[in-house]
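In what comes next, chain A is part of two complexes: it sits with chain B in the first one and with chain C in the second one.
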Partner chain A sequence: MDTGLLKKAPPTRRRGSSDRRTELLLGALAVGVLALIGLLLVTVLVKAWPSFSHNGYIKWFFPGGDVDTQLSAIENARPGSGNALYHLRAWPLLWATFLTTGLAVLFGLVLSTLSAIFIVEFAPRAMQRVLDPVVRLLAGVPSVIYGLIGVLALAPWIEEHLISEQRKESVTYVVQLTGTNLGLAVLILTVMITPIMVAISTSALASVPSAWTEGSAALGVNRWRTIWRVSLRTARPAIIAGAVLATGRALGEAIMLSLVAGGRSFAPNLLDGLTVLFEPARPAAATLLTYIDGISDPYLAHALYAIGAVLLVSCGLLSLAAWAAKQPLKRYGIRT
Partner chain B sequence: MRSRPTRVATLSLLTAFTLLLTPAAAGARSLLLSGSTSMYPLVTQIAALYHKETHQPTPRVGQGTSGAGIDEVAAGRVDIADVSRDPIIGQDPKGLVFTKIARDALCVITNSSNHLTNLSQQSVEQIFTGQIRSWSEVPGATVSGPIDLYDRVSSSGTQDAFEDIFLGETLKIAPSASQLETEGGMRQAIIGDKNGIGFASFDFIGGTNAVGYQGIPCTLPNAKSGQYEGVRNFWMVTKGDPKGAAAKFIDWIINRHNTAVEKIVATEWIPVY
Partner chain C sequence: MASDPQALPPPLRPRRVGTGAAARPRDSISAWPLIDRLGYVLCWAAGLTLCAIAGAIVLFMLVKGISYLRPSLLVQSPAPSTVQSASGGFLDPIEGTLIITGIGICLAAPVGVALAAWLSEYHRPAWLARAVESAIEMIAGVPSVLLAIFGLLVFAPRFLAFLSQTSAGGSVYGKSFVIAGIMMSVLALPLIVGATREGLAQIPGHVREASYALGKTQATTLRRVLLPSIRTDIAAGATLGIGRIIGDTAIVVILAGGTLQLDRTGTAPILSILRGTGSSLTSYIYYNSPVGEGHAPQKAYAAAFLLLMVVLGLNMIVTLLSSELSFNPVAWMFTNTWTRRLRGSAPEEGQET
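Right, the complex of A and B next:
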């Protein structure tokens, strides 16, 4: 391409060579960024490795004992105290991450799809013009603000009105129920990630070719069925991609969750029925934040890097999933 | 001859570097402090007074935990760490120098609807190690139902000091307790939970019910007179002996004739010099 340009327009030769230099410079920057990401991944994995290997790899992911006790033991252990330096069974963290993220994304998916349908198909123009920026604004609210609302307003209310004494006593020898718990975490996380999903779903629904929906209407299909069968089906990959992005944000959310999810790494037990909503559940990212102050301890650092590595790999897989989910859109010639 | 884009790039790079380097190049740099959230209210007041009296730049005080402060000062990222627990031999990095600047009363706190006035040594141990889990088993408690135990995170100096002073060397707070990262978080949790019990520095007990320990109410006069035993030390920690600006600041604080500092300390804490 460059050489062609030079042949056709000799007077711009000098300009062309400086363009080339800029191109090289920008290319080097891009490669640098890639190298940085690679370096980050390698560093985290290398630092995390001892934690995995000393726990028998797969066992690291298993349940077994109390994570807070194990992490404190790692932090306080002196070199030479053997197994205590590495012993970690991270299941409660992973389970809590899975529960908070999974439930929030599930609720968010339903809520956001319905709101997006309303905004695109039913809302009057004036309302659309207000809703669109509001949704985008909500998507950008810093998570710590949600956390503060949760811990200052909602947690005391839940403690006072929703958790009965009998419920507390029923599990008192297993876990302590307080206002900060799984239910509150899921609630706030849902509020936090839904706007992102609404924003993405709205633009996907709006970009469904109007000829398709008009065609459907022309065939005598009613409005709801048209939305369900034509619009949603076309926008489905984008909705899924939005959900995946939201999952990424939920996975990495630390500050808000460390405030409202209950300061304790407990694996909520689904067999407890409704009580499970009031059990504490501190996800992996929030746990990292809680223990980050002890990072100078090399053994605790291995454990924290291991938790971080799991998060990093999960987020990487999610990005891949988001990319894969978007592919079918291209078949219809729709870009979002 | 250099082409224009390159010159622009070089220029902007140079500008960026100059901007980055300016604060470091300026002569009088503020001291950097970090560490205990318990000490933050005291140290910020002292720092403001230091600027007013000596016209040195106001030391900048960050917050984390005592453990974080120790890490940062050992790594050279801050000049002084605020540490609200005693040195731990074998665990703290070598070469740190601890200078005591004040003493501080630690209170057991409950929700204000629980008018518990006193806890014996035995009750404190039973409650905080999780042996007793219901308020009905605690004499003097005016709430019923299960006890909600609140703890600080493991890098907290307050947690370490509380375990040392109230539970002795071997007992630990029950792992079932909810962990909070800051003094303010602890106070907020106790204010919001009528079944809650936890512990906090005297300066952070507002809005809660401070419980006496071993028959002595947790008040400032009792702590100053030495009757109340739940008292811990506040330290300023430096890497090696304090040098330069850090030495100036610390010497100014612990100066026996510095009554202004003593006046600040005496408002909520216990002077040592």
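Right, the complex of A and C next:
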């Protein structure tokens, strides 16, 4: 079906003035929304700029000291005290964001791809009927509930059973290990973003042309290898795009992470081995939430908007990446 | 069958009975190589894990909810107290949730439908339409905490003071229910735009042609023919939007102020509440969690249970609607990028007849 021709204009000889008016009205509304979003980008970037420029742009992203100390120094500094008004090295926040997001997306990718294959190919009818609402439920549970369960139910259990005294002592001079930590944050974040990826992968797998899989089966390839080699490969762009969108979601998660990630601007050290999973962290979005009460202070506001600007730009780039990732699907003629 | 004149002549060779095992070896899982069987098992494990997690969450919240939720909590206002038995209920947060959701969806639904109509039916000039499309795609991906700090910035100027709470000295906080509602509507907008566009894309071209042939203008066709026929899609989009708004915490925590009670600004009867600050169920949970100032786990659990029930109810509405929908609402909640659903191709073939 091609509606492209019809969308251009109705075949009336002269378009009535009310029709014209409707189009202009709707168009004006669209321009308004566009302007609002442009305003969002511009204001946040403008507000953030002093923080970047006073820190020498690239150095803003570097490691160097404790972010919490720097932020409270910014908040307490009097005007005229020079460098302390802006000094910020945001690496621990960015590193924590990177770790939580990266690990959660990695685990989520595996879990979601397997469950998508299960839903499309192997699940009995009854199971399929259960899994659909299950995915919807997991996707719909508000993040604050995930966070609450994490901090009230899982964190005490982890602190009691999973963190040994030895482990605590091994890093006692650097950081204190508690139940709220990087590992728990990654675990819950994985559960939160998996449904997004499952939903997208499921629809992509279901839309693989059946002639392709049948062709593979006719050549004597067994079902698993057909799925692995044909279906999954065809759906790969969609799976990647799903992962990219899930990344955006994980980047911006603030509430849940501020509850369960440990709430200290500590950069988890990969050299600590498995202990890294029990170290606290605080990703960028959660940091915004923590310091939000101080935003009336103009200098702290610059720092916070700078963190926000980094998130905003990454999310923009991610939505661009998702768009680019699913382009190959169009070549296959799969409309997702 | 025998009397059918179109019946095929009998086959020359008798057909094998049972095309299964006798004809060719069936692809049974037990015959797969070990590694393939491992994959099969992992798939089952993944599916069951998802079910187990969902089951555990619902069961856990049910147990906690039943043990802590009392009817009296629903009608009492929160009170400042460190003792959980004396800190009141969550009447005000429930009212706050209703106010914010109401404002949000009342703004988002008309704007979203209008935007979608313009994008799908007019779409000119093309460059502007494409810009709007990508802008909406972008806000679908913007974290709500960013929308919140943006709201703080935009509503702080003096001339917008009538919308928000102001301090005694006259400085504008940029915080109020109205402002939270407005930013919430931005959050719900992509969902409604997407659902509406989805519905409009599913209407076959001949419906529009028929309307044009009767001499109707494009605007009339849109209003009288197209939009009424996609009511279900719009309703589903709006329900998803409500779910998104109800579940969001960051915007409420940042934009609706830091008090649990409704804090009025001014004296006008309804306006004072709208301009004032307060809390919603989500921010109530946040304040009563170990991270917040309240730290009353029992109250937090009770409110969380109530919230979960509301979300489940909304989910059920979407499920009921989705039998009539042309798209899969789950994929939808997150990705308006994925506009055309694959399922869309099936009805199209049928409709063209």
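What we mean here is this: the second predicted complex is superposed on the first by the 320 of 336 C-alpha atoms of A that agree within 3 Å, B and C clash if a C-alpha of one lies under 4 Å from a C-alpha of the other, contacts with A are read in each partner's own complex, and residues count from 1 in each chain.
Operating definition for what follows: a contact is a pair of C-beta atoms (placed from the backbone, for glycine too) under 8 Å apart; a residue touches a chain by one contact, two chains touch by 3 or more.
On a predicted model such as this, the values are computed, not experimentally measured, just so you know.
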When chain B and chain C are modelled together on chain A, clash or fit: clash
Superposition-derived comparison: chain B or chain C, residues of chain A touched: C
Which of chain B and chain C A:V151 touches, first, second, both or neither: both
Contacts of A:A324 with chain B and chain C, given as first, second, both or neither: neither
Contacts of A:V42 with chain B and chain C, given as first, second, both or neither: neither
Touched partner set for A:D293, first chain B, second chain C, both or neither: both
First, second, both or neither for A:F122, with chain B first and chain C second: second
First (chain B), second (chain C), both or neither touched by A:T22: both
Touched partner set for A:K168, first chain B, second chain C, both or neither: first
Contacts of A:L106 with chain B and chain C, given as first, second, both or neither: neither
Partner chain(s) touched by A:G263 [first = chain B, second = chain C, both, neither]: both
Chain C region in steric overlap with chain B, selected from 254-262, 308-316, 326-334 or 344-352: 254-262
Interface residues of chain A shared between complexes with chain B and chain C: 18, 21-22, 25, 151-152, 258-259, 263, 292-293, 295
Contact footprint of chain A on chain C as seen in their complex: 27, 29, 31-32, 36-37, 39-40, 42-47, 49-51, 53-54, 57-58, 60-61, 111, 114-115, 117-124, 128-129, 131-132, 134-147, 149-150, 152-154, 186, 189, 201, 204-205, 208-209, 212, 215-222, 243, 246-250, 253-254, 258, 282, 285-286, 289-291, 297, 300-301, 304, 307-308, 311-312, 314-315, 318-319, 328-335, 337-338, 340-345, 348, 351-352
Of chain B, residues touching chain A in the complex: 3-6, 9, 64-65, 67-68, 70-71, 74-75, 90-91, 93, 133-134, 144-146, 148-149, 151, 153-155, 175-181, 185, 188-189, 191-196
Touch list for chain A against partner chain C, complex: 1-3, 5-12, 15-16, 18-19, 21-23, 25-27, 29-31, 33-34, 36-40, 43-44, 47, 111, 114-115, 117-119, 121-123, 127, 130-145, 147-149, 151-153, 191, 194-196, 198-200, 202-204, 206-207, 217, 222-225, 228, 241-242, 245-246, 248-249, 251-255, 258-259, 263, 285, 288-289, 292-293, 295, 304-305, 308, 311-312, 315-316, 318-319, 322-323, 326, 334-336
Interfacial residue positions of chain A with respect to chain B in the complex: 14, 17-18, 21-22, 25, 66, 68-69, 71-72, 75-76, 78, 151-152, 155-156, 159-160, 165, 168-169, 172-173, 175-180, 258-259, 262-264, 280, 290-296
